[in-house]
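Once you scroll down, you'll see the structures, which are given as structure tokens.
Shared chain: chain A. Partners: chain B in the first complex, chain C in the second.
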Partner chain A sequence: MSDSAQRKIGDVILKADNVSLSFGGVKALTNISFDVREHEIRAIIGPNGAGKSSMLNVINGVYHPQEGTITYRGEQRKDMDTHAAAKSGIARTFQNIALFTGMSVLDNIMTGRNLKIKSTFVEQALWIGRARREEMENRRVVEEIIDFLQLQHVRKTPVARLPYGIKKRVELARALAAEPSMLLLDEPMAGMNVEEKQDMCRFVLDTNDQFGTTIVLIEHDMGVVMDISDRVAVLDYGKKIGDGTPDEVRSNPEVIKAYLGAH
Partner chain B sequence: MSEMTTFPRLLRAHAASRPNDPALREKYLGIWQTWSWSQTMLEVREVACGLAALGFKRGDNLAIIGDNRPQLYMAFASAQCLGGVAVPMYQDAVAEEMTYVLDNAEIKFAIVEDQEQVDKLLEAREKNSHVSHIIFSDPRGLRNYSAPGLQSLESLRELGRNWDKSHPGAFDSQVEAGQTTDVSVMLYTSGTTGKPKGVCQTHEAFITAARGGVSFDKLVATDNVLSYLPMAWVGDHLFSYAQWLVAGFTVNCPESGDTVMIDLREIGPTYYFAPPRVFEGLLTNVMIRMEDASRIKRWLFDKFMAVAKRSGAKILDGEEVAAKDRLLYSLGNVLVYGPLKNTLGMSRIRVAYTAGAAIGPDLFRFYRSIGINLKQLYGQTETCAYVTLQPDRQIKFDSVGKAAPSVEVKLADNGEVLVRGPMVLKEYYKRPDATAESIDKEGYFHTGDAGVFDTEGHLKIIDRAKDVGRLSTGAMFAPNYIENKLKFFPYIKEAVCFGHGKDNVMAFINIDLTAVGNWAERKNIVYSGYIDLAGKDEVYSLIRDCVEKANAELATEGELSNSQIARFLVLHKELDPDDDELTRTRKVRRGFIQEKYGPLVDALFTGKQVQHIETQVKFEDGRTGSIAADIKIADAKRFPAVTKAAA
Partner chain C sequence: MIYREAGQYKTTYDTDTQIFPIAQDRYAMLAILLIAFIVIPFVATPYIFSAILIPFLIFSLAALGLNILTGYAGQISLGTAAFMAVGAFASYNFMLRVPGMPILLAFILGGICAAMVGIAFGLPSLRIRGFYLAASTLATQFFVVWCLTKVPWFTNNSASGVITAQQIEILGFKFDSPQEKYLLVLGIVCVLALLAKNMVRSTVGRSWMAVRDMDVAAEVIGFRVMKTKLTAFAVSSFYCGIAGALFAYCYVGTVEPEAYNLDLSFRILFMVIIGGLGSILGSFFGAAFIVLLPIVLSMIVHVTGLPNSVTSNVELMVFGGLIIFFLIVEPHGLARLWQIGKEKLRLWPFPH
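Let's look at the complex of A and B:
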């Protein structure tokens, strides 16, 4: 019943042209071009070491490619840094969870609001004027995300005490707290059991549906990728070997050879 | 009092006399939101008018599906304002199960919580159920739905406001037209046997039951309850709806199913209701956390729990307690019981009830000993969950108390509990046959439960009436009751009793491997496995002690005193649902076991000392094998019947 026919996929908002990245003599990415359209769920798949995470890191400015360009919303940038990426509405989660383990779920998600805070250090320390208003406004947004991702029961629990699947969800929550227009998810379902994967799939789809967030997703689990993505790019040894809808990718002989094996 | 004869009138009276007091609360986005009585009345009115605008008429049924939410409690009242009937349904039922009830109750209107329920109703609609209007309170995920007749509660209220303006006085005249003898709610019985049946209850029935409970336990407007049990269950309807509108206290709805324990602590209810398994879960949690506590804390806990065990319940019941124990208990209250109750969210509880299943004596005593006034009640959907209640200071773990105000209880010749009073159901919906079967000419409702009255007039439920048999001597034999008694011993995991039509009662016992294994370790008894352990003489004498204790208790129980266990054996394998010996809900299948272990049953009754048996077992991977053993049979001492002097 719900949606994908009605969710309007828009124009290209991110475009990578002939991107190459190497570390010393190791070529991580070779001449890769692909694009992401507004409101779509775009997956990048490939075997271990294919360059998936490198691609994500290029998009949000952690790595700077030696060749090629990234164009984001009409602006061409060769050396975008992470801060600029965050400011322009790109948020991400990490393959290995990067949360503040001693802090509560609520506080962790609050850190995602960092960029929205305009009040000065002094105002915050004294909790006066803008600081107070801002905190209440930010808390409301955070509470809406807690509600959205069903984290109410662990709101005040320190992250260190949570099971893995919930931690992953908290990471997603923190990324959403920045109200991103594009969300980069680095293996959101790695290491999860079936039930946790189903939950996560639902949350990814809901996020896309509810907020219209564009999602770029790296994933190992083929089933998940084929089910939830609009388009899939396939990398192997730093090269793009396939690109298209899940069905196209599934029947691409080169992809079958490189990745899907006997499938 | 004639003014207060329907739920809408009760609501209107609260809204008029104390408009700003809190009626409902719900935690939303981390903050408790409150509806005052006047707000509640207003929302109920808007929703009712909205329903009227859609064509909801007197006598129509309104399905209500979802978790405990203020909007849904208000929906009950909205339907009733228009002379309609609220039909709450279990929110976790799948579409297929819902279809039956939707069809049976001819549901055209439904107010539901969220997308999940909408999806199920739409699925049911494809299978020809008549649901034409589906109203949802939480719009998430439903933005793009375009099914006909689907709308949000917000838009319904808008519709209602306009309708109210264009039909002045219509709403009030509908409320006035409501009679106390109108059906107010239809609760479907779970249907373990056959299809679910709709139990029709009138305003009068539930208001009588609620008034009785409220006066019995002195509930007041400042009380707080946390409602977290399914709204389709009679218990929740009595505690969170009927008593809410009668006493005018505050009903609090938890944020989600997972946060109930946190919300319980924040609200600190004064009045609490839970089935035994909830109390059991809480206690297990406490015990596990105590294991991890520091040594000093553990020492304090053990020390003061011993004090509580000795004198806590007596202090609660106002009995004589030595001054030293009283002092120790108040110290314990500061150091252990108080903080413990705080952690459990039970600091403010004045009255707590449990019902629905037998509660273990240790479990029951634990809560009472730390000062929580936990009591039991007995009732079923057909009697508004209101037949007997335990009066304060007359608490026994094995009885369910005395007949509640305005209830008549008597026992049929076969021991079946019969109930008469205004709280008895009007009828089963569209099932005159079932109605005639369960309500007799004199107006008594036949509960299907067998019970006995003890010497102080407390009702004791012993079994399902159809399971109760007689020994050849004529003595009443309630196998379930005896088995439960045995199972309350930690060493006994399962028990099966035989005796109907025979001259004596015999028992199969399953030891609890963990408990008996631990005991054997402490006693330095070497064993190689379950079969070996079960056959040890030491284990037999351990179990004999338990059986004899059970016999001694039976001796004091009037009619049951002649059904004491004469002989028993300890089975060589655990009874297992995989071998069809237990149902999936772990009830023993007595008939099947009797057949499967025929030689053992015969040996018990013929007085043999040892019997060889070979049994098929199914392993978890699906393979089958067989195990054989020589099983010893032991005698147990029986006691002469004791009659307590009447109190």
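Let's look at the complex of A and C:
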């Protein structure tokens, strides 16, 4: 896949200013400012407990920071609300797979389309008119995502029966079903073998390339992070200790000390 | 006949999302409906109607209602009988106090009253879950029965607290005989089961299951958890309310608030657990198990000619034993056993 026109990095669409988050006496994030540009792949790295996942949770409104503001697409607010975040095009996956285990792959991905469905409860109960039509239209979109992520063979399998690597892919599919403009990926490659990692990298890059989706990614595999991301932010103990292109980060002495180690 | 789907191609998403995607299932369902609507009314005796079929259908409907809440939306409730009571007594009062009230409308309004009570008592589910929620729904059970007993207005100042269900009449046709009542109940249950199936295969059903399986993720992808839970409580209570009204009007005829006690709530919860959580068909299996099995057992035990004091105890022991047996064999209920059986049948007689 060659570089398409969409792959041009645009303006800053998400900006966190001086965000601080604490749980009781534990400071998860201290005075963090960082931004994400349109269409870029932005990585957040750092040791365990550095506050990476907390940062994602602040971005899509699961956690509410005590201090600081978040500006998303020109709108500044103290914190995001999960529903508003989903509506404004932010989708995410979770570090510990958060799929709906009792449902089939197809139904899981269909849940990702829920905000596109306008039919009322009564229409759905009667399975008439708009409800039925929307179900078919959304099914078509979902099938495209199934094709894109190569999940055809498990379409109707209950999620609980799937192997780990496929589950991670289904979670990505569910997030993509919302046609997000920004995708937050929390360790999409954790616990995978090399082959699965390669597949996942390809899917992430293709998503970014084909749909122009902005991607914020947490990952521990430095090879992957340095290869695919445009800019990398480094957190340690809830503070940002480095930010910049992969090369800049790699040569930042503080980052080497805290996280990368000497090579 | 071989249970195969070879050659049944689905070329549109519409045919792929059918309720019964396999042709043999469709024919079987059609046959069951034809038998239920046309053959049974001619062959069954009044005893079979009023002691077996009508209670089976009514309990199926109540179990279906609870299954929506507990099986699909994951909210445990011990207040099922209370919602049934609200449906029954609300329908009774609508019939009593509104002149010319059509009975079906009274049932629906009774269901809506139950739904509103369900929403009110579903509010704790926004903060608590699991066993704690079950304990808080116990409040519904005690409060509703207490309220119906203590406020004489609900029972039309009846001294004993017993109400007698009014005559059922739809468009001038009187439903008097067990056979006619059976057909009425069957019709209502079929329509409501179809509606429930439609709900669970569209967005509202997926929202329930999403909240059941992983509520944080459900919220993050855009479902409103509060609305979803309360919708589940409302729909579930509506179904239970209708079941309660049918219980009063088509099954027992005269009923007191105490008939809708905690014991009944537990019976319906057992039906859902034995039949299969999160399965429409399972609600019917569960009701059949709890309603029909004791009858079958008592027939079998009576044939042995043992004295009555022994037979009634043997009956209960066997019944209890069977419940434990089925739960050990398949904790996911009879519906799952049925599904496994069907999957095996698709390959039979080949091993793979």
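Throughout what follows, the second predicted complex is superposed on the first by the 259 of 263 C-alpha atoms of A that agree within 3 Å, B and C clash if a C-alpha of one lies under 4 Å from a C-alpha of the other, contacts with A are read in each partner's own complex, and residues count from 1 in each chain.
One rule holds in what follows: a residue touches a chain if its C-beta (ideal position, glycine included) is under 8 Å from a C-beta of that chain, and two chains touch if they have at least 3 such contacts.
This one's a predicted model, so the numbers in the text were calculated from it and none came from an experiment.
J.: Tell me the contact category for A:A98 with respect to chain B and chain C: first, second, both or neither.
T.: So A:A98 only meets chain C here.
J.: Contacts for A:L172 in the overlay, against chain B (first) and chain C (second): which applies, first, second, both or neither?
T.: Neither: A:L172 stays clear of chain B and chain C.
J.: Based on the superposed arrangement, let me know which partner A:I41 touches: chain B (first), chain C (second), both, or neither?
T.: Neither: A:I41 stays clear of chain B and chain C.
J.: Touch test for A:N60: chain B only (first), chain C only (second), both, or neither?
T.: It touches chain C, and chain B stays clear.
J.: Comparing chain B against chain C, which has contacts with more of the residues in chain A?
T.: Here the partner covering more residues of chain A is C.
J.: Check the residue A:Q210 against both partner chains and state whether it touches chain B (first), chain C (second), both, or neither.
T.: A:Q210 contacts chain B only, not chain C.
J.: Now for A:R140: first (chain B), second (chain C), both, or neither, which partner does it touch?
T.: A:R140 contacts both chain B and chain C.
J.: Which partner chains sit in contact with A:T82 here, chain B, chain C, both or neither? Use first/second/both/neither.
T.: A:T82: touches chain C, not chain B.
J.: By the touch definition at the top of the document, which applies to A:W127: first (chain B), second (chain C), both, or neither?
T.: The second partner, chain C, only.
J.: Would you please give the residues of chain A that touch chain B in one complex and also touch chain C in the other complex?
T.: 139-140, 143
J.: Going by the contact rule at the top, pick out the chain B residues touching chain A in the complex.
T.: Residue positions touching the partner: 28-31, 119, 122, 140-141, 144-145, 255-256, 258-259, 262.
J.: Taking the touch rule as given, give the residues of chain C at its contact with chain A in the complex, in rising order.
T.: These residues of chain C touch chain A: 12-14, 16-17, 195, 198-199, 201-204, 206-207, 209-210, 212-214, 216-224, 231, 278.
J.: Across the complex, what residues on chain A touch chain B?
T.: Residues 1-3, 6, 139-140, 143-144, 146-148, 150, 152-153, 155-156, 206, 209-210.
J.: Which of the residues in chain A come into contact with chain C in the complex?
T.: 60, 62, 82-83, 85-87, 91-92, 94, 98-103, 107, 110-112, 114-115, 117, 119, 121, 124-127, 131-132, 135-136, 139-140, 143, 174-175, 178
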